[in-house]
């Protein structure tokens, strides 16, 4: 009989729903032991599809449940740090969607709580589990790119989230670029020593009103001399455009998933194919794989592939980018 | 609580293992109630990973189990017809890997048993559940191709199966081309009125010894006048190459999945990407989707998307192709 | 000073105009010594752009001109055989657009005249000069495909030529398929031993009235056992679709030029690029290269890369395809 | 009779040879009236292939020749400004390879001389004549991209030029990036208001010795708010990688010519195609088109499509990038 991790999922929004389904139906190593969301309606609706053993509108009940070994935190971002600390204190292993917290002190407190409790914390930077990104990483590690010259990462979202979300998310550099900054660190295998960023509001003036930007570019100098560039936008009408490239002395490895199905349509309008529209189209396999990897690292007592420190490091770069833009200097 | 279909899987080979895993871990609508294979070792090994409620080395035990509503038949091809008949008599719904049987009379008997018992039979022509093929079919039905001119389907396997399998599989035209012939029927939405086929042994002389060919082309005239072509090979060193095209008065829709990950490698050797190697790389999503569709049609009492009649019709074309080759005439 | 071939161009239609421009302005080894077309207006208009030394409405004048070493025949197809014979008797080297003639006896007479006169004859099968096809041929010859299994060639024209042209062109199998049949022979390096063809009228009933088909498939068994398939259509709304593939024991080499410029457009409609519309878009480089090769083989007294025998052999296969279709047997 | 421009080509190096061939053999509107290079051997060798009316080892002789209307300057970069001034004074129209000069004062003097003489000056920024770039520009102008968000341009050379060339070329930002900076200006249709650049020596330490970098990224804020990024490298083992993208409110237009022939090779190593290796592979059509456009603007007395002011503006941005890198600030 396969050992199983009994997991409680906190949050029944987009990602919480996806993770609950993965825990319940798509991963043999997991059991959906509990589900919690402040909204009773959201819990009930999700519970119908995922059949958790228990439901609650109070995450604390899940955290305190002694039969549960691990929690998946997919609540709004500003609640993460507190939930991490409480779950850590309750001895639960933790899978947490980014961000750990908006500001460094809160991140550091959460990470300290995790360390003190000796539990595992895996952060939801799912690109590290996408088959394309995984293969690119392997190729870089096997030396197929040679010495690194240029690393590039791009994220263009199809549309901006609601203004309310924008108000609380910490800005484009912490909310979106954080994925790119993590990819740059991970694929290059080294840290940034200098960050320059520029950003503009071009898609919707209300984004300026909440103090954010919707279009940005970041340039990083890495400790091994390589140059990294990041390109972000909140509005890409053709869909969710995520890519990364590592270019070096032996060539280039690039990840670009710019089609959703393998269908090519030739007509008077030209030769066309579809494009993934949202992150769930693009990263469904990766979202499943990260939960499965989390379960295995709990079962096998190994180190998570994306640690709290990784989450923190990407966040530090996001904050540096934000400051660079504000102060107009690297 | 989601209603669930209690399924018994017969056969613990490649496809049986895949389906057992799908039934057990990847589809909320199904429960893996039982697992049977003549080899105790195979059953035990698969059971460890899929945790069926009961195991057996006798398929009859599964078929007779009154708690089970449906069976998945993934045993060697020559046993299918008999198992279908017995399962039908026991009132089980049936998902059966192709072939139903090698010869038409046996197919007809099995289909009659299914009809008499009033159970559902879905045949494992999984391309109909691949997201690319599904989208192509939708586009054809929406009229985006216009009047049909040419339909093409290709299957090139990476390597020939063992000689023992080849001896029992009924030949390339029934074993491999059957998928293409089904695709031609399904995508075009019409029947063939004339079949011409040619085939050769080019990859391994032992294939001639078992009376088969390893390379073939088939041309069909369809009842609406369209011309269909099929191209088959038992040995494609670059991997499993499956494609289909529907070309008509408004353009062309083509399904070609010629990469396994979205990674492009640029080096002195050129610009390269990987290729799916085997059918499980290429059609994992489709194999899951067909089991899920089968479960839903049991739960909702609807007609299967691929019926026994579809399996029979593709088989008839395969037999016609074989005869055309033998007699050197359409 | 580079030696130059003094060339007379016969015919001022599409291909005659293209060749006259090549001879006059794009090839250092050639001089446009004369231009002739029955239509004075066509000659005059083309002469303005290409500045030949002399113009005429009588091809005979060009053929008899002792200062001219070679002629390019781009007149309507039914005049080719006679012009070849007259040019050969006048001692001119000959570049002739396909066809040499519609029927074999006329082809044989023309080839005999060429042989008797000891002049060179190059036939306008320009795909052999396209950089992609040339590279594919080199790869096949270097053994990168290994033993041949399947050869495929496709030509889909964007729209059917005028009915008047269709009446005189000898039918789809001789007019269009001839290019594919030549590609099959050339890329495979071997001859066909059996031909099966089917064809239909699907795009325009008037094509049936002139006794032709507009959609066709051909299957050939080659002398080395390989199977070749050809797919033709007179109406491809998305543009001129020419491709070829050679598949064998070591892999596959495929030529597909399905874009006209290297621009990719991503929008709500998907990811799109353009498609070459007509043969002049697709093969401009090849049409120049074949004239240049012809000039060099005159200057260097070498054998043309596409001989009259090649033209004849492709035509024989086209006639066999036509007969196969009529008699419904290979 | 077509009017023709009598052109003298100055410089018999790579680009001089290419242009002389274009003027002599590939463009009906031009006559190669003269050829000059300091090296008698280079002149003689090129003259054999291009047959100019006269040859010289003194450019002055060509500039003073009253029968000549225009010159193509393809000599080493440091000689350009002086030759432009002398040619302008002699009343010749001028096509000049970039750079006009390394420093702004010299550029301004040369442009003043051109203005005073009332002659035409076209600068060799050939990307503006590449069919892909031209189409991208048209699409941007037709509004198919909508409001601009991000513009990207990349140039990666396959290998660094000789150290001697590097010493005199003004550095990567002026020598290579100048093409990208021109593309950014041209495609976006607006000017930059802020430039940030970073650069490193990663491929060869001798490049640091001559005070240059070999890897660089540039970020520009454009006057309409759009963000532009440039990525440059002196060493791309897979070949000459030039691309550009314009991304905006309606989608994205991207130019990427990452194959040299339309051949796809599938083998055990994967699915591969070739890559253009050098600028002459990639831009042959554009180099011909720019000379033809120059000839037409002389014949029709129109404004060149790439003016001296365009050359100057790109150079100003290159200098700004160089200063940004030196001073580590935008």
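Labels A, B, C and D are assigned to the chains in the order they are written; within every chain, residues are numbered from 1.
The working rule: contacts are C-beta pairs under 8 Å (C-beta built on N, C-alpha and C of every residue); 3 or more make two chains touch, one makes a residue touch a chain.
This structure is a prediction, so every number in the text was calculated from the model and none was measured.
Engineer: Going by the contact rule set out at the top, which chains touch both subunit A and subunit B?
Structural biologist: C, D
Engineer: Expressed in steps between touching chains, what is the minimal separation of subunit A and subunit D?
Structural biologist: Minimum number of steps from subunit A to subunit D: 1.
Engineer: Quick one: which chain's Cα centre is the longest way from subunit A's?
Structural biologist: C
Engineer: State, to the nearest whole Å, the distance from the C-alpha centre of subunit B to the C-alpha centre of subunit C.
Structural biologist: Going by mean C-alpha positions, subunit B sits 42 Å from subunit C.
Engineer: Where the CA atoms of subunit C average out and where those of subunit D average out, how many Å apart are those spots?
Structural biologist: Measuring from centre to centre gives 37 Å for this pair.
Engineer: Whole-Å distance, subunit B centre to subunit D centre, using C-alpha means?
Structural biologist: Computed from C-alpha means, the inter-chain centre distance equals 56 Å.
Engineer: By the touch rule stated above, which residues of subunit D touch at least two different other chains?
Structural biologist: Residue numbers touching two or more other chains: 237-238, 241, 250-252, 258, 265-268, 274.
Engineer: Can you tell me which positions in subunit B touch subunit C when the two form their complex?
Structural biologist: Within the complex, subunit B touches subunit C at residues 147, 149-150, 152, 156, 194, 196, 198-203, 215-217, 219, 221, 225-227, 229, 231, 233, 235-238, 241, 247, 249-252, 328-330.
Engineer: Can you tell me which positions in subunit D touch subunit C when the two form their complex?
Structural biologist: Listed in rising order, the residues of subunit D that touch subunit C are 1-2, 21, 24-28, 48-51, 131-132, 135-136, 139, 144, 250-258, 260-268, 274.
Engineer: Under the definition above, what is the set of subunit B residues touching subunit D in their complex?
Structural biologist: 237-239, 241, 258-259, 265-275
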